[in-house]
Structure formats: C-alpha cells, structure tokens
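Both of the next two complexes hold chain A, though its partner changes from chain B to chain C.
Then we have the complex of A and B:
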C-alpha cells in the first residue's frame, strides 16, 4: 500500500513539472481560456441543432402563415420574401450572423421584433430566478453543511428525509398544494402572479411568494444533498483526520478543512440547480400564470412561431452554459494545484 | 519518576461491515517513560496503529475503546469527553502520519497548517508561531526554511512533506509524538535523511515517542525499546538490542528471519546455455504523450535501456520510485508500446503493441501486478478467474479445466476449496498467490513480477518468494523481477539491473551488491538499506557529492 501511494505521488509530481515545463504563462489562464472556448463551441453546436430541429418540423411556414385558403402564387411570393427557398445551410448562416449582431428576427405570428417580445418576459423570468436563487442557495448550503457537521444526528436525519420527500414530489403538486393552502383556504396570497400589477414592496412579496417557494423547494433539495455528500466525502480524507488529531473541533474540520476541497462539486451542483430556473420553470410559470420566458416559449410552440422558439431555446442554452462555465471557473480558481 | 504514558488492559472493539463486533486489541498494557522512544512492531492487522491512536484518545470510525485505560502524564485520556480530548491533542501528544502527502490539506499553504495547532489551542501569537516553525524547519534540515512554508503541499517532495509533518507535530511542544510508519512510503535514500532529522529533534528536545512500523531495521535506528505485536496482543517487550540479538518469542524470531531472506542459491551444475537468450530488450525508449518524428515521447520515462535474460535465470530490476522500472515492465508486456527499440522473445521480435501480438506470444510472457486487490475482479470466483486464461490460451473446458484449476491451486499451495470464494474473502498473501496462479495458468516461459511482494508483510512476502523459487525449479520458468527492495531482489535474482531516472545505470551480480559495486549510484542505493544494527544510521557515511548528484528530492 505504501509503495503504491508513493507511486501515485510521484506521478503527480511528474505531471506537475510537465505542466510547468509546457507553459510558464500561468496554466490557470490556459484552463480558463479552454473552458470558454469549449462553451462557445457548445453554443454553436446547440444553435445548429436547434435550427435544424425546428427546420424539420412538419409543414411549410409560408402555408401555415397564409392559411389554407392561400393561392400558390401568394405562398411562393412569401417564401421568396422570407428567403425560405434558399438552402437551409445558408439560412442558418444568416440566422447565426444576425444573432451575433443582436438581431433575433421578427415573430411570424404578430410581426413584432422578437427582442421586444422576449425583453420584458426575460426580465420577469430573471427576477423570479434571482429572488429564488437569493433565498434558496444560502438556505441549501447552510442545511447541507450543517447536516454534514452533525452527521448521524436527529437533525441530519430530518434534513435528509425532508429533502428526499421534496425531490420525490413533483413540482406541480407542490405548486397546486401551495395554491390550495395559501390562496384558497387562507387567502393570504393571490393565486396568480401578475408581476406588472405590482406597485409596492409588500405587493412584490405577495406576487413572488408562491412561485418562489415552489421553485426553492425543487432546487434546494438537490443542492442540499449534493453539498452534504461532497462535504462528507472530503471528511473521510487523511487530512481531515490529521486536523482532528491536531485538536480541531468538528466545526473547524468541516469549515476550514473539508469545505474548501468540496467547493468544486458544490458549485457545480448549485449551477446545475440554478440552470433549471431558466428553462425548467414552465410548470410553475403556467400554474401561477407568471409572464416569464418559459411560458412565452410554450405559447410560441403552440402557434408555430419558429424564430421565437429558436431564440428562446438559445437563451436557455446560453444561461445554462454561463452557469456551468462559472462553476468550472470557480472550481479551477479554488484549486491551488492549478495556480 | 512516574511514567509519561501508562496503558492498562486496553481493549478496542471494531464493528465489521456485517455489524459483528470483533475485538482488535486484547488486553494490552505498557509504559513509556519521559523522553523514551518506544517502537510498536507488527504486521498489518496487528493493531499497532490502533494502539498508537488510543494514546491520543482517538479511534478510527467504527472502533471504540471497550476497556482498560490510557493515562497520559498522570491524567487519563480514554475516559474524557471528545472536546476535552481535543484540548490535549497537538499540545500534549501529537501525530506524524504515514502519508504526509495525504495528510496535508491540498487547499491550504504549508505554514498555515504547521502553525494550526497554536491557533486552535491559542498557544502563542501567530508571528511567534511562524518564527518557531521556521526554527523547526531548520532543525529538520529542510531546504529554504524561510520560504518553504509559503508553498502548497503539492509543491514540495514526499521526503520534505514528511519532515514538515514532524514540524507540525512539534510546534505545540508535545511531550509525546506518535510516528505512524512515517518513512514507509519513502525511497531508501530519502528515508535516511528523514530518520536522521527525526532522531536529532527528538533527542534534542528529550521528547518521548511512539514509533509505529513494520520494519525492524528502521526501528532499530531510533527506538529505545520495542514492543512486538500480533493480532492485537503483545508478544514480546524488550530493549532494542535484546529484541534484535536475543529474541525470546518465536514470532519475533520469525520476523527477524523474514527480514533477511536466504540469498538465491545458484545451481552449480546448471548447463552453460549456448542457445540464444530468452528475452532481449534492445534500446527501449518509452514514455507518455505524443511521440515526435525523432521517436521521442513528450514525457520520456525510459531512455535507451537494454538487457538480456537467459532461460531459467532471473533478472532483477531495482531503483527508486519514478525511475521507470514499472513502466519498463509495461513496455515489455506491450501495455505501453515503446517509442523506440525492440523486445525479442526467444529471438523473435515482439510487436511493440500488445494488441498486435499473437496469442502464443501473449501466452509465453505473463505479467503479475503489485496489487492483487485491483488485479483480481472482485465479482468473479477464484475458479472463474483461473478458468479464463485456461480457456483463452489452451481452449480448455469442462472437467479438464476443472482438474487444471485444482492443479494450479496445488501449485501455489492453496486449498482447493478456495475455488468457490471471491477475491475479497482471501487474505493479501492468498490473493497474491491467485494472481500468480493466473500467470501460471498460461504456461508462460517468462513472468514479469512487478513489485509483487511490496504490499505484503515480511513473513508473507518471504513465503511468496519461496514459492517462486519452487515453481521455477519445477517448471523451468524465468522471472523478470521488479522491486525497490534490495533484499527481495537478492533473494531471487541471478543478475540485477540498477535503474535511475529512466536509464540503466549498470548490471551486476547480486553477490557484489555491496560497497565494491561499480557505479556510485548503486553504492549509494545499497548502502542506504537499513541494517538490523542499532548503530547503523549513526555510523553511516555517504559521499555528499553523490548524494547531491542523485537526489531529485
């Protein structure tokens, strides 16, 4: 066992020196650049997939727009006007080019610029996501870390049981229950969240309360479990035992010795959970009739508004990539071995 | 004068995975005087680390002190609540771990971890603690004592980390320091330096110590008294000189005998072989990463190594960790294709890549890995593990195969009833025998043994070596024996290749593996192996220039 350990150690040292030998201009910058390039390539790939997936939807856009009574000449005219008779690859190029200049195109359905359609909705969704994150992340991390500190106690068991219960219950159930309890029986909160009607701080709280509670339930459970698991895993290492043998308290062992080394997995779990707030909130937005971007996309699908669907999908993907890239960067920066 | 440590009728229980409670320490009692260094010697599972940790009032998860008491400077520690035990850890009694590399937190700088004890127990202001740490770094002969603390653990070598962990243990001025196999993971040349540093600071401060080790020769250099343990019980206690020269207990004698296996007896009437060598390795260059157009890999591990091995003979390859000896075995086996050079088996060149070798070529050359734990599939029974090469190389099936499996188990001296067990149900020595039986199943001509005894206890390892010799006599095998342990190599090999930093330093007969060996590095290496002699370390003189030239520390 000893000899094996030393082999591992030596390999580590070799690796380190080879890294050093390759580039003295900070390997951390290289890694960061690498992560960002990967993110951009992924985004292009997703754009490609979204475009051609919507292309493959059955039906001709011009025919749909003009309705069944349209003459073939009218359809052909519209196709030319919309560049629909050009090859798909070429249209993909136009679309990507326009995306980069910030031109998202025009809605097929109501002829409004898509940026106008999305703008307000995106702000609404970000507000909801922001408030949910601001509440659930600190609570989840605290619960996860304290559960790890108090492993095996009643407190730990209760936290574990509740998180499993919350994971197992679908969110529409939580949302519906919340409506029944708070809006119907108690009458404390409105059943629908009309964000634009808010004028006062109290009104804001009322409008956000139920969607935020529902979403927090859903995303916190995952974060609590991941945080607890990541901290517990590092608690089993030799350096934490060493800290114990130096006389450190359980609290110091967890916060000072285990947590910094568990940061990578925790940040990733947080990023994954938060990314759900952008795309996966359709159910919550629908139930509370909240005017967010997920609901906008749902409407776009039912009206076959392809440019709008494409733009929404791109925004979801961009949000996801930003979160994951930030998580990776935090993990890289927090690892002294890479500095 | 009362004793610093008094252990009385100590019993420790452990809970197994199946929920059973087993007693792992049985009725152990001993004392340690002020300033005395006592060694706990025993094989893995003898309970030596468990006992040492109880002196800090600590048992590993799943274990608990079931009876007896541990008294440290007149006050019992075993009956205190956890937070009161914590108050005494680091200040009265401290710990130097087996693997400093794993015991330093990778996220914090070394200095912060060294002075952490003073911070936890509020012993002194931080600046004073730092000054004291630098003093300790100097006393432990660490390079750049003023700045080494500003580095992260991965930026210093293993030998340095081990000394830094001693500084970490000494900063709180403990009366007792526990050393838990602190040099086991180190190379022999590094071990000397670390042992010397430990010894001098302990003597200077008149600090008492508990030195946990399986290596009698190392312990002989540092301990005043030795406690011999087996299965959680004390076998013998005595002064170091007495244990080494006048052992009373049979188990102690067995340990001493296993320390120096009998040298390989050369058969005098072995015919001089005019035939071509069994294995020829010619100008091998190998490594990792992309191979450039001149045939050099970006990280070169093996550089122009050549040797020959004759039928029925054994060749040893020795060197310190990172010298490329295991990589060489992987290259010969074709697991890692060489970038340059040839491997010839019975005169026929083998393809560099294992995947392009014929089934017969694969059969003739088998490899046995260091860790049987990872080399044997835990989900398969022993019979399944041995059946596979029989079916693959010899197309055996049914009764013939079953009979052959029984034969193989006989050959490695294991009961036939083991065939239905799984690897996890076997001991380390048994697993290594199965590992060997699998290579035998192929009817190989040459077996590459990669550190196959390194993970085993000395007595078990000596038995495996005996088995290897016996198999060789009966089946005209040849071994390529890779090891960092010189006495093991001496016990089995006819010729020895010494490697350093990927290059072959020289090839010599193990008989002259002494002071007159040709190359300065070989001399350095051979002289660094601890001897069963209490004065060895103090009397050892090594050429500082050679030490400097061959230290990649």
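Then we have the complex of A and C:
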C-alpha cells in the first residue's frame, strides 16, 4: 500500500482501482480486452479535446489566414473550401476520418502537407528517445534495484536524494547544468548543438550527446524511484519474510524470491517513466535546437498553425497512451492474483 | 474551519510524536518556503534596484558587491528581478493549485458519496484528460487562446484537477464505507453536509500533502511554459522567464542563467522535503 501511495504521487495508477473490484471472477483476457477498449475510447476523447480546444479560437480562421487586406468574397470562399461553415461536430468527423486515412491536412503557414513536415522530424525524435531509453533503462534498473536491496544504507540515501533533486527541478535546469558542466567547465562538448553541421560520426555523437545526457538524467530519476518502490513493495511481502525466516541469505532472498515477482511492477515502472520522455523532449529539443517533432510543434504554437499543432499533439498523445496502456497491461498480466 | 479543526486535532492528539518527527530537514524546508512567501509579498520593498532599470553598463555582469547576483542581458540587477519574479512564480502557482485542489477534491468527494453512473462517468472523463501529457495540453490551450496570467492560472488548474480528483476520490471511497458515514446518511443528511463534515475531516491530511506535491508540479510546469516563451510575458518575468531571457549567457555560465534556476530548485526541493518529513500520521492517515 505504501509503495502504491508513492506511485500515486509520482504518476497516478491507471485504472487499477476500477480493475481490482472485478478481478476475482473474470479471466485475464477480459481485463486485457477491456483495457485496450478503454485505451481506444480514451484516444477518441483525447482527439475530441484537442480538436475543440484548438477550434475554440476567438476570431475567424479564414480571416486570420488571409490577413487584414482580404476581401469578404475571398474570406467566404476560403470558409467554404475549409468547411468552416459546417457545424464543429461534422468538421471533427472529417478530421478524424482524414487522420485514419493518413491525411493530416495542410499547414496554414507554409501550405505544405503536414505529413511531409512531420515525417523526418518524427524519425529524429524517435532516434533521440530510442538512444535515451537504451542508455537510461539499464542504468536506472541497476541503481533502483540495488538501492532497494541496500535500503537504509548511505548508498540508498545518496541515490534517493539525487533522484528527488532531479525530479524536483525543471528539465531546463538539468539541461543548463549539463551544459555548464560538460561544455563550459570540462569543455568536452559544444554548448549548443548545431544539427546542420553533422558530417561525420563524431559530429553526430556531439549533436546527440547533450540532449541524450539531459533526457537520461530526467528519465532515470523517475525510473529509479519507481523501480525502488516496486522492489521494496515485494520485499515487504509475507513470502519474502518467510524466506528470510527460513534462513535464506539476503542476496538469495532478493534474487530468487523477490525479484521474479517484482518483474511485472518493474516493467510497469519502466513504461511509465518512459512516458516522461514526451514532456522532457519538448524542453530538450528547444534548448538544444534539435530538429525533432517537439520543436516543430513549438514553432507551430508560436505561428498558431492549428492543423500542425493538432497533428503533433495527437502523435504525442498516441505515444503517451501506448506507453501507459503497455504499463497497465503488464501490471494486469503479471499480477499472480489474476491467474 | 473544518480544515483548521482537524489539523489541530491531529497535532493535539500526538504532541510528542509531532515534535519528535519534524526533523531538521523539515524545519529548514519550512523556513525556506516561508522566506519565499515573504519575498513574494514584500518584493517591491526589499528589492535593491527598480526591477526594470538598466543599472549596469555591462551585460551578464559577474557577482559583485553592488549586484549580489550579477546583472542580466540588458544590465538589470538580477537580485531585484528574482525577488520580483517570486511574485509570479509563487503567486500564479498558488492560485492555480488552490483552484485545482478545490475543484478536484470537491468533485472527488462528491463522486465517492454519490457513486453509480455519476462516479463512473466523471472518473472516466477525467482519466481520459490525464492521458494528454501536461505540457502538450498546455501548449494546445496556449495556442488556442493565447497567454495571460489569468489564462495561465486556469490552464494550470485544468491540467492538475484530474490528479487531485483521482487522489481525493480514492481516499473518500475508503471513508465512505465507514459506519459513521452510513449513520449520517441514515439520518438523512444531504450531500453537502456529508462531504463537508463527514468525509473531508477524514481525508484532509493526505489531501494537504497532495496539495504541496501538486504545487511543485505546477511550479515546474509554469517555469517550463515561461521558459518556452509561452508563460508569463515581458515586461513581467517569473523565474522560468528569467532563465529564458538570459539563456544567451549559458555558454559562459553567467550568474543570470544560474540563479533563477537555483531559486526554482530551492522552492521545489523544499516543498518536496517538507512533505517527505511530515509526520507519517498526517501523510497516510487513510491508509492505516
């Protein structure tokens, strides 16, 4: 219960409360199916929210697009062309339908198809996220599990204090500190990466280094905290205590009794922590001028390019929803009480 | 009123434990938070230089006796700007967290008491809202309606209400099964009375701890928004905006970039540490 409390504080348990009540008499497949249906419904609701939040603009989109010198005829023409005269619900239907067929619309600002604008940027962001995950997951799991095993020692306290400190500060502070340490004082890396200068493997490494270091710190801190809580929760169960009482060594107790059962919660923690990538990436791509999808979305916000904002927001929400759904599915499947 | 009563009850019931469990860390954190609150209130009176005045011919000036925290990219005094910035960071965040917690806790308790389709519908809807990453939702809202201080407060409140709701509802559901609530219901008390006098006193401790944590989240999100240029707009500047303004000094580690970040860190870390060092009794009352 205690660890669940701390999880709640960090992220919030997704749907566990609603699932617990029914878990006793329904097979695990039903739960999985229900969770996936919930995810799909949620995605529709999210699309609805994003669409209406951006459509509730004060002022007329056609007038904004054409500028102040537009003739009324031109405005009326554009309104018809963009279906602006139709009810918002109908436009939402068109929009959703187009999303499913892969037609993301056309940017207001530079009139390019949005799928062209997003394509390369999305690949860049995924590369950044992939490299970050590949580095931070093994490190965070090692630190989290060892901190839980050595609970109460000076090592555990140091790890806990550092993770709390990283979680408590904004991502841009981690980024600025990384620049000050690695670029200004140590002089290993350029202060701000310039993506246009990538010509060699070394250049690529330098562009990636600072964003990956920053993101890894942010993600690892979350992951260490959650992993530690997950392992501690398992260590507090009766069967682990039983192992201790029958004389198993602390090492055996953890590796043979606690860890196999903590595997589900750990994978759950990893998936939830990775969802923090989505928030962190916005700050990191901005500060390091990295040509990813978050930077694209931010530029779209400053030019109020609504179709582009909608598409980027949907991509982010989809990624987030996939991660938290995986986290929940792992939690369901790995729960021995449901089998 | 109820809030005050139940808090003092908790303290009165365990005076020795309370005195014992408040550690040095907790006390220091509390002092730092109190200091920032005072700064936010009295900032104009204690700032050594007028906040908008260019007082130094040099920009990104170093730490000196005249300018204890250096000067910014225009040669304005950083200390004064950080002191004034506390107003925006602390003020906006506090307003937003109050709105979010009031809405979230009220809705959460109501949902727990009423139950049925109202509870299910509201829970599903607010859960769906949490499926939008907070920064993305903030970006979308700002893109749609622009940015100003009232809009920021409402945006932050909307983003953090579902979390409050979920937390308060989970606690209230436990209290709702208690005998004294059943008795009150049998007496024919209304929903307003039930949530105010029966449920709220039972969950107020953890809710206050959650209030503090959510305050930290809001400070972080507000700072990030301002850092991205979508939060507090010039000529005003909160701590996040101060970092953004002076980001040009990053490549030579100017004090103007470092000190606003430190200000944010002292506030957020203090709140986190204070909550971690609260007596267990206040934090987890409903989990016993």
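Here, the second predicted complex is superposed on the first by the 286 of 339 C-alpha atoms of A that agree within 3 Å, B and C clash if a C-alpha of one lies under 4 Å from a C-alpha of the other, contacts with A are read in each partner's own complex, and residues count from 1 in each chain.
Note that in this section a contact is a pair of C-beta atoms (placed from the backbone, for glycine too) under 8 Å apart; a residue touches a chain by one contact, two chains touch by 3 or more.
Keep in mind it's a predicted model, so treat the numbers as computed, not measured.
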{"item": "Partner chain(s) touched by A:272 [first = chain B, second = chain C, both, neither]", "value": "neither"}
{"item": "Touched partner set for A:304, first chain B, second chain C, both or neither", "value": "second"}
{"item": "Partner chain(s) touched by A:74 [first = chain B, second = chain C, both, neither]", "value": "neither"}
{"item": "Which superposed partner A:96 touches (first chain B, second chain C, both, neither)", "value": "neither"}
{"item": "Partner chain(s) touched by A:333 [first = chain B, second = chain C, both, neither]", "value": "neither"}
{"item": "Which of chain B and chain C A:252 touches, first, second, both or neither", "value": "first"}
{"item": "In the superposition, chain B vs chain C on chain A residues touched", "value": "C"}
{"item": "Chain A positions touched by chain B in one structure and by chain C in the second", "value": "1-2, 5, 9, 12, 14, 18"}
{"item": "Interface residues, chain A side, partner chain B - complex", "value": "1-7, 9-10, 12-14, 16, 18, 237-249, 252, 256-257, 260-261, 334-337, 339"}
{"item": "List of chain C residues in touch with chain A within their complex", "value": "123-125, 127-136, 139-145, 163, 166-167, 170, 173, 210, 213, 216, 220, 223-224, 227-230, 240, 243, 247, 250-253, 257-258, 261, 264-265, 268-269, 272-273, 276, 284, 287"}
{"item": "For the chain B and chain A complex, residues of the former touching the latter", "value": "53, 56, 58, 60, 83, 86-91, 94-95, 97-99, 101-109, 116-117, 120-121, 152, 154-155, 157-158, 168, 181, 184-187, 298-299, 321-322, 326, 370-371, 451, 454-455, 484"}
{"item": "Touching residues on chain A, where the partner in the complex is chain C", "value": "1-2, 5, 8-9, 12, 14-15, 17-18, 38, 41-43, 45-46, 49-50, 53-58, 164-165, 167-173, 176-177, 179-180, 183-185, 191-192, 275, 278-279, 282-283, 286-287, 297-298, 300-302, 304, 306, 309, 313, 316-317, 320-321, 324"}
